[in-house]
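What follows is a pair of complexes built around chain A, which joins chain B in one and chain C in the other.
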Partner chain A sequence: MGAATTTATSSRTKNRMTNTQHRSAVFMLAPATGLLAVFIIIPMLLTIWLSFQNWSTQTGFETATFVGVQNFIDIFASNSVGRDFKAALVNTALYTVGSVAIILPLSVLLGLLVHQKIAPGGVFLRTVLFSTYMVPMIAVALVFSKLYSPTEGPLNQILGWVGIPPQTWLSAPQTALFAIVILNVWQQVGYFTVLAVAGLTQIPDSLYEAAKIDGANPIQRFFSITLPLLGNTLLFSSVIAIINAVQVFEPVALITQGGPVNATNVLTYHIRRVGIERAQGGLGSAMAVTLMLALVVAIALLFAFARSRETKSA
Partner chain B sequence: MQLFQAFTRSAGAVAVLLSSTALVQAADVSFLTHWAPDTVAKLEAAAATYTQAHPDTKITVRAVPFGDLLTTLRTSGGGAGGATIAGIYDAWLPDLAKDQLVAAVPDAIAADTKANWPAGVIGAASIGGTLYGIPNEIDVYALNYNKKLFEAAGITEAPKTWDEFLAAAEKLTDKSKGQQGFGLINSWAAGVLHPFSSLLVSNGGDLVVDGKPVLDSEAAKQTFELYEKLIKSGYSDPAMATADANTTGPFLDSFVSGKTGMIIMANWWESALKAGMGDNFADIATAPIPVGPSGDTARSISYSWMTVVNAKASAEEQAAAWDFLNWLNGPDSGPTGASAMGDILMSMGILPSRTSDGTAFAERLSSDPFLAGYTGTLANAKPFPVVLGGQEFSESLQKTLEAMQFGQLSAADAQATAQADATEILERNAK
Partner chain C sequence: MTTAIADRRRLEGPRFKATPASAVLVLVIIVVAVIAAFPLAWMILTSLKTPQETMQVPPVWLPGAPNLDAYTQVAEVVSLGRSFLNSAVIAVVTTTAIIVTSLMAGYAFAKYEFRYKEALFALLIATMFLPPIVTLIPLYRITGYLGLNASLAGVIVPNLANAFGIFLMRQFIKGVPDELIEAARVDGASELRVLFQIVTPAVMPAIAALVLFAFVYHWNSYLWPLTVLQGSADQYPIVISLSRLLSYNRGAMNTGLVMAGATLAVLPPVLLFVILQRFFVDSVVSSGVKG
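Moving on, here comes the complex of A and B:
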């Protein structure tokens, strides 16, 4: 009886402690989760709700009228609304693929260059590379818009010295998006190089020494040791690079205004044009939701790919 | 004790009076514009003159690039914290009025404005008979050409017809020098549309009639074909036509550096040309838009700008804003019977729209050959259509014309696309 009473008392004490701990945890987490809800979750849910409404961004939410999936039908229709959205979606995808495909290999290459201990100046080179990331986009945009000028631009003048004809850069739909990709690569590669260097420092030297003893040449060592062990770093870099690329806005707004012929009209800029300039909040929200879904799918595919490679190598 | 009570009562009354005066009169007025820093400085100087006589009103000026003006107005104008006054382009007015972002002009000021501005300009600042802004500038398009390049190409006078225009463009084109005959513009809606529309109206056509697009007309067909000819013949190089968010860029650089023989632009870019060309600005001349085969006289497109007041601003701020605007655009604020606004506009080469400003600046206008070329075309200018969905319509037509510039669409396809898109956009926005 006495033992049972003791056990019951102990259990109640335990429950009370658990409840107290639970309440404390809720109390302590509330500020952070509350802020998260107010600034992230509620706006996201609001955007999703608005994507099913006909609503002018200049009026209150009470004026929104439910239109079902009409906004989603409109943005994929064959009229000018649909054509412009689909073109912006393709432009964003091309910009993202182009940026990631250039930035990641280049950052690994530059990372190896900075990380090597054979020649001096690695730290200096790392500082120089990272400095481009710290330059404000307004300054980058101003400089690049002049560099790319078809008649007066220094880039074409330099190309002329080596017999290459002037390029159209931002002045033609065939080259404008690529010119913006180059600008992005120039600004971002330093940041990703620092990430690559951080990954390289995690690889033990003993692995390279063992490989050397086994007769592996530098290329074999790179593909058999460096690249596989940089997997997690590259996965993280890819996710960040994709998110950064999808969110591109400033160079388009500052230099090209989406032109020529909408060749640089990326989704963020187009959503601003539709949702704010034209005040078509429902359509703009439908575009934002589609962009969010596309991003979620892309990141999920990337993780699935990384996981499948891990499983294979295991 | 009685003396003390009387003193406290008096002090209380004074305090209440002072505070209520402050509540009624003190107002912070912000003015949103896209003007360049030197012009903003002139506006600030005018505001400082006004506030000397109205110390309770504080006026601040905020400038953004033209490309961001509408967005800024829409994002910040929707709340009480937005700019109190904004300079806007007349094509934006229908949508801003529909969204109740702009306040109607108070009756007394509206009556004065209607009496002192041309009826056409008042019409462009009104929706359903209600005046929403005080007009200030009127812009019109004309042909600008480089006299030195004309002389070198053996051309003695500005082209008057499209045939003469094409012949001049051919003579002026010299690819070995990177020189084009006629400069197009892209990546900027007004820069693409207004020159095209000027050629269209000079060919007897229109963009929109009674709220419906008429881009399927014969006159429009000929205008699309003219553009196609200019591009296919190499008389216009689209790679030299790009504009940036500040409405500058390669198209301006090419004309300033003597690589473009002719271009169709509005009077307001006089200041940009002077800044870029210095003494060489004397080489630039102005002529009416060449007349097309279906046209009867040289015409061009005109559009106006106005200052509007934020409908969401407090009553005190709105009252102070209208009072300031009435003074700024009135005949007593500038030199020799001109308005201060007219004086600011003239410093940029922009034509003020107030009737008395035309008289006050008559000598200055006639002595400036560049501007005189524009004032001469004003009488036959057609206002750019002001319709609901105007911005979307403009951007859609811009894209179609740019697609033709870069050979993605033939003249016939561009015309069909432009008409179909415009019909759908204007119908949807009119609902």
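Moving on, here comes the complex of A and C:
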């Protein structure tokens, strides 16, 4: 009897507990979920919907008229709308590949420099590198526009000391995009170095000891132990680096305005110009959807590549 | 005996032997640090030069007579105080709200069981990977409907919650012992009390990291404020005022002015980093490893 009552009470308590917990969960989740829904998830769905509409950003959503895939046809057409968009797409791809291709290897090298136990100064270096990540991109763009200045800037002066002729940097279409890649690398590499150090810390010392006993030199140890075991870190780093790279905006908006000759017209800048400044909301949304799809494809390819490496090495 | 020495070594931290290899490494570290610090050093040095010095060819590196004229001038050209105040309001309000909303959601994800928990978590975290430009156009319309455009509220309201914050808080709240929470519940504490009086003190390092992350992100943020504030110059944060300084500056060619403004704008986030960097590095590490 007593036992039965206890069971009944406890199950009732448990029921009450889950009920309270359910209510609490709703209460705790409501603010963040509501805000993210209204300001990110719904706008994202609206972007997809708007990409099939003819719509001016200056009017309400109700003025949108369905045009099928016309916006997508337009942004890939061979007129000026299509040419500008395709240029922005290619520029963003080049910029992203350039940034990732420099940041990733550099972050591993700098990570080794921070992580090593032979010489002092590792933590100091980490602080210096990471502090550049705190600097507003606007300030970075302002400073680099002066560093790059062909005559009054110190970069060409330094190049001159070692016998390299002055570079055009931001002022010529051939070099402008790469100059912005360098600026981006300078600002971001500290963050990725910290990620690389986190990955290096996870590799057990015993592996290196064993390899040393087997007579592997430092370079062999790097390629047979360090690099393979950094796989997951590098995968995470590349995803973040890609997503960061497609967001490049400040240096373009501030210094080059997409020029010279469209050379630095990148997607974030172009989509904002079309969708907000020219108020062509439908066209801009189609561009944004294309960017989203391109990102999904790029990241899926990256994961497929990582998996194929994994199965090969296993 | 030997172990005792080894123990003492470990207690005293790493000892570095002076070898040719370590000398080379120190040299490399110094060179890398100088390259990394160079742009900021150039910025500060230029802000102290005279207008003539900033235009000289070839460039002069050190100001002949360092002076703060550029700093007093920059305050005359843009309403510096107002811009700083705007930036501070944006950064402080968003950071405070992000801490609260992230703690609440992170607590629910870490300590409650409910249906669709994993799916909802995945959906919210996915927003972290969405570049802001993808939502910019409809968002501008939505804040227009809400009557928030051209005001500081328009900058702030869409940023009161943040997926990274939820993720970080969940990671750290998971580590808070259930017994601690149960004991408080048995004592009759409400869930909000449990969260803010028991759980919050236990995850202070993560909160410090999130304060730094959110403050720096929103102090530096440019794309959204530029879009939502279109035209209302008295609402501009410092980064937008700074960008207008450049266009003002094109005619006048006073680089020192721009560099003085940039130096001032860089100070708050970098100082906060120096103060809180230990926590920030830890949290980047944990998000990288566990994420």
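What we mean here is this: the second predicted complex is superposed on the first by the 278 of 314 C-alpha atoms of A that agree within 3 Å, B and C clash if a C-alpha of one lies under 4 Å from a C-alpha of the other, contacts with A are read in each partner's own complex, and residues count from 1 in each chain.
Keep in mind that, in the parts below, contacts are C-beta pairs under 8 Å (C-beta built on N, C-alpha and C of every residue); 3 or more make two chains touch, one makes a residue touch a chain.
Note that the coordinates shown come from a computational prediction; the quantities given were computed from them, not determined experimentally.
Of the two partner chains, chain C is the only one that A:Leu129 touches; chain B does not reach it. In the superposition on chain A, A:Ser238 makes contact with neither chain B nor chain C. Once the two complexes are laid over each other on the shared chain, residue contacts for A:Gln53 go to neither chain B nor chain C.
After overlaying the two complexes on the shared chain, residue contacts for A:Leu254 are found with chain B and with chain C alike.
Applying the stated contact rule after C-alpha superposition, one finds that A:Thr226 touches neither chain B nor chain C. In the superposition on chain A, A:Asn262 makes contact with chain B only, not with chain C. Applying the stated contact rule after C-alpha superposition, one finds that A:Thr290 touches neither chain B nor chain C. In the superposed model, C is the one of chain B and chain C that contacts more residues of chain A.
When the two complexes are overlaid on their common chain A, residue A:Thr151 makes contact with chain B and with chain C alike. Shared contact residues on chain A (touching chain B in one structure, chain C in the other): 57, 145, 151-152, 253-255, 272, 276. Those residues of chain A that touch chain C in the shared complex are 18, 20-22, 24-25, 27-29, 31-33, 35-36, 38-44, 46-47, 50, 57, 60-61, 110, 113, 116-122, 124-132, 134-140, 142-147, 151-154, 157, 160, 186, 190-191, 194-195, 197-199, 201-202, 233, 236-237, 239, 243, 246-247, 249-250, 253-255, 267-268, 271-272, 275-276, 281, 284-285, 288-289, 291-292, 295. Interface residues of chain C facing chain A in the complex, by the touch rule stated above, are 14, 16-17, 19, 21-23, 25-26, 28-30, 32-33, 36-37, 39-40, 42-43, 46, 54-59, 61, 100-102, 104-105, 107-109, 112-114, 120, 123-124, 127, 129-142, 145, 157-161, 163, 166, 191, 195, 216, 219-220, 222-223, 226-227, 239-240, 242-243, 246, 255, 258-259, 261-262, 265-266, 269-270, 272-274, 277, 280-281, 284-285, 288-289, 291.
By the touch rule above, chain A contacts chain B in their complex via residues 56-59, 79-80, 84, 145, 149-152, 168, 170-173, 253-262, 272-273, 276-279.
Touching chain A in their complex are the following residues of chain B: 67-68, 70-71, 74-75, 78, 95, 99-101, 178, 186-188, 238-245, 249-250, 253-254, 257, 259, 389, 391-392, 395-396, 399, 402-403, 405-406, 408, 421, 424-425.
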